[in-house]
């Protein structure tokens, strides 16, 4: 049985485990005030070319999302997001639990545009009764999106420009950021993200770490007292160094990008195989998630040897499914899958 | 200048003011523990044929909505509602501010169906990752809806049956209930609403009172400690008798229904005039709100002498607008408006 | 049976009812955007000598308290208050329901001092783990306090100076403000409160109105978008003019102060009678609430003809009780009570 | 420099790291639905003699506290706790952020009694205005407490009996549970805790794990949908097996108790040394935290070679301090410290 269900089925890259072992009996201060966190933060600041950014390490993505969003919004404000956005669909209303509405923007592929943001904003402010409606207070995007798609530098620049013009902070969810940056279609790097957003995070959980997300706050307006928010929301790990050590390893010699590149390359092989076989793709993804539309009987056959996710019913005879590769996916699993696709 | 902007532009029916004056120097206990509240509650229970229902008086509709909803849901649950529902659109995220997501159901006319509720429920529970999504916890409907439309007894019965089968409490927002019950197309009465919902409220603000909404909790499961919730959410009026007195007057001799009937009759005259003139109606409303689609220049002309609300841009040359009548609307205002419509 | 239970047992001053009647059929815009609100706001600004202050009318005190506090604090901050403060004791956790801790300061008489505020602040910031504790974010005081006591101008000035130095907004709950300003021991006026606080409110409910509290925001930092907050928290009355009309009447010709003076004068007569009779007073109140400590059998006797509140058990044989006068208390009720006290 | 600052300065017991390594490339389902979690849950159920209890693994203690508390309380209820309770002092208002007040009970040593709980409850319900106050909805205790003290079986039984009689669920915070159970003064075991509480958790972070707390819900009323709550509050680890593996190792062969016993034994040696030297102890702790009261100059001397926490200023010349041992504390560190104490 080969696993393509998701990108968090294994532990961590062995170098991380090794480092955890080597440092295991060192005594460090708790709550992220240790030298490993300090070193990892410094590495991230350098990679982002954002010398004065604040970097914080949290445990998971949902936690980051509601912590960041509730730290920025005032009580009457909401966060604009694609209707398919993770905060709207798969976080059990965590943002609402902090008191804020998710203002959804329809999206076919998971991305939203500068024009849509402007339209949402103007619809609010042009309404005579705007005080009776939730005020747009910030914008949330994912990169890559939940559908594996990527923003281009032009799109991101346009979004940021619009957000700045409208006074809306832009927050980028990078739970799978590595797979985006390593994609052959990527048009920008970490330093561009740092420049074109107000806050973002670099996902570790899905890209080689046991767990952990690195939040980077570039806009000085949103830095104040953020550690209080982390603590209040249960995101402040007592042994904070576990996060620092992991990110230190991931960004020491480019391991993060290497791992992501591995997954993307394997995903491209899968993509090619699906297309060659004549399957349509639900989304045109150039990252580690692939969404072919398969006949139900082919799904049934593949399910015998491979785990993967059912994504969406397309019609009575077809479903879109999701195959995920990851930093840990083995070449031979992909070889086998491709052979079986070809044989369908 | 005649006012058709909304149904809360005047004070209260003179009988209410008279009664407030007569009782002004009586000394009563505060917070709704007075004889007027007791009497008004008893009247409402009788009209509803719900002898053991709990009745509470709150000040306004938004307050009722978030107080009731947050008293019923557990933290991970959301309330299903038409996307046009007042709680979703015009309450500044008051429900979200109590921690709960509004789970929207698309609706053309403001109503939702039993089938839609079932589909929403099943979509949730059939998803393998349902714990990652907000759980549907109750259903909110408005009667009449924000678009003036009415549920039929069959529709309401089907909704209730489905809700019961799925374990979802049904809450009915009756901010304009009088205008629904008095409509020539109404197929049910207060006692049916009491039977076919778990909680509902009877709006006073828009039907003759200075302010005030009467919440009726028929389902015993949702009665416990409700007064705490009212207090916590700022809805417990110190001089609670002001609410009791108003509802006592409104339900003493059928005044409530009389006032609503007056408004509906005038609205039907307007409706006829719009239709006769050849205007399309955005919604087929048989209550006090009418939504004709007018050419922009006609809107401009009418705006000189009448206030009314712009509802929706239909195309470059047309807009849907809203004319409201109320318990206080004068016959001559409607006469004048009809003459001017005919003259367009 | 004479009522000294609380200061909200009657309706409103007759002039208010009269004005409501006179204006009853005028058609005005909803939600406080009417000429009566505008006029009342202007009167209040002038009285406060705060020409550019924002004034808003809400329905009740609890509503004002949690709306103001949650509009100012960030999520990790709390509000400092006397442990006897209304927000800590008698609002069913309304402030906590918006997500914020009440940081209590011990107080014998209901007042807190500048030194206590500074100590609370310093205790927080000097703790190495301050991020693990709620950060003091603002200060709440009541004037008069829940115990009828008054701040002196020196005390209020010291509080404000300390708050400013520490970056803590000062919010004054004036639910009974009239009774404070009209007291023979009052050392300041409305314009001083406007100068020495960042936000405060002038209570109408307990001083002659049917209901209603006038919030005055003098600090420009806290004005933005306040109407959204009012709406979200259910405090935006559809027929907002009802609030405007009441405050217009109260502040037209000094009625507010006259009514409060009446209550205070009667309370002073009661105070004198208690003291003369040899009773101790639980608090040294110079406003409309009096707290004598009575033997249990005297309480029993007085309970036959007078309603009043049991406040606190002092010892097995004595209780502190509360007698309230109000704008509506009749001279003869006080005469009778004094006679009966003397006869005990 | 030897570390006695806290009990989370090292990584994890080597067996845990080893097991993480051995299982690293296994592919398992996410979110705690894996065989390691299943096995660890089974072990815990057996140890607790609670065959049908629900067991969940979360990342940290603050997270557990607010997740459990907000899953049990209705919006108008609060949680009773010692004023020194972790939820009241050191979680940045996390409980309040979910909308609930912490109802504090004064406590000298960190424990609360059945009588205090009953008094709090009765004070609430005997007040005529109880609806204006937060209703006690559950009780929170820590074992060992934040001060290292222990409940006796009699005390815990009395607490539970009272809670049951009053309808208040009892929740036990076991962040340091191991150190309590392994204490020479412990009068009960895990199965007693399971019987005498409704929910409790077994802390891993401070007793040998990298991180992780095992929540045990014995009362069936509080089991429903708990996983939604975990997800909503950011506590659902994607690679949930990391938690399962750790608790599996800790409870496989009694490692958990062995590690705790090690720390307690070393703490007893420290205690003896302090007492022998004539220092008073701030609390009479028989667990891994010791709180001697030291002269300021002795503190200064010891600070050169040992890290430990300043706890409380006792008088001008003395402070209470805290020395923590842990599963990882080395015998030689304690030897050295005792020598230096003797030499003071």
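Points worth noting:
Each chain carries a letter (A, B, C and D) given by its place in the written order, and its residues are counted from 1.
To be clear about the criterion, a residue touches a chain if its C-beta (ideal position, glycine included) is under 8 Å from a C-beta of that chain, and two chains touch if they have at least 3 such contacts.
These numbers come from a predicted model, not from an experiment.
In terms of residue-numbered contacts, A-D and B-C present the same interface, as over half of their contact pairs agree; the other options in A-C, B-C or B-D do not. The pair with more inter-chain C-beta contacts, choosing from B-C and A-B, is B-C. Separation between the centroids of subunit B and subunit D, computed from CA atoms only, is 50 Å.
One simple way to say how far apart two chains are is to compare their mean CA positions; for subunit A and subunit B this gives 42 Å. Distance from the subunit B centre to the subunit C centre is 34 Å, each centre being the mean of its Cα atoms. Among the residues of subunit B, those in touch with two or more other chains are 75-76, 91-93, 97-99, 131-132, 228, 231-232, 236.
The touching residues of subunit C, when paired with subunit B in their complex, are 3, 5-6, 8-12, 14, 17, 20-21, 23-30, 59-63, 66-67, 91-94, 97-98, 205-206, 210-211, 228, 231-239, 242, 328.
Interface of subunit D with subunit B (complex): residues 31, 70-71, 74-76, 98-99, 131-132, 135, 225, 227-229, 231-232, 236. Those residues of subunit A that touch subunit B in the complex are listed here as 75-76, 78, 89-93, 96-102, 129, 131-134.
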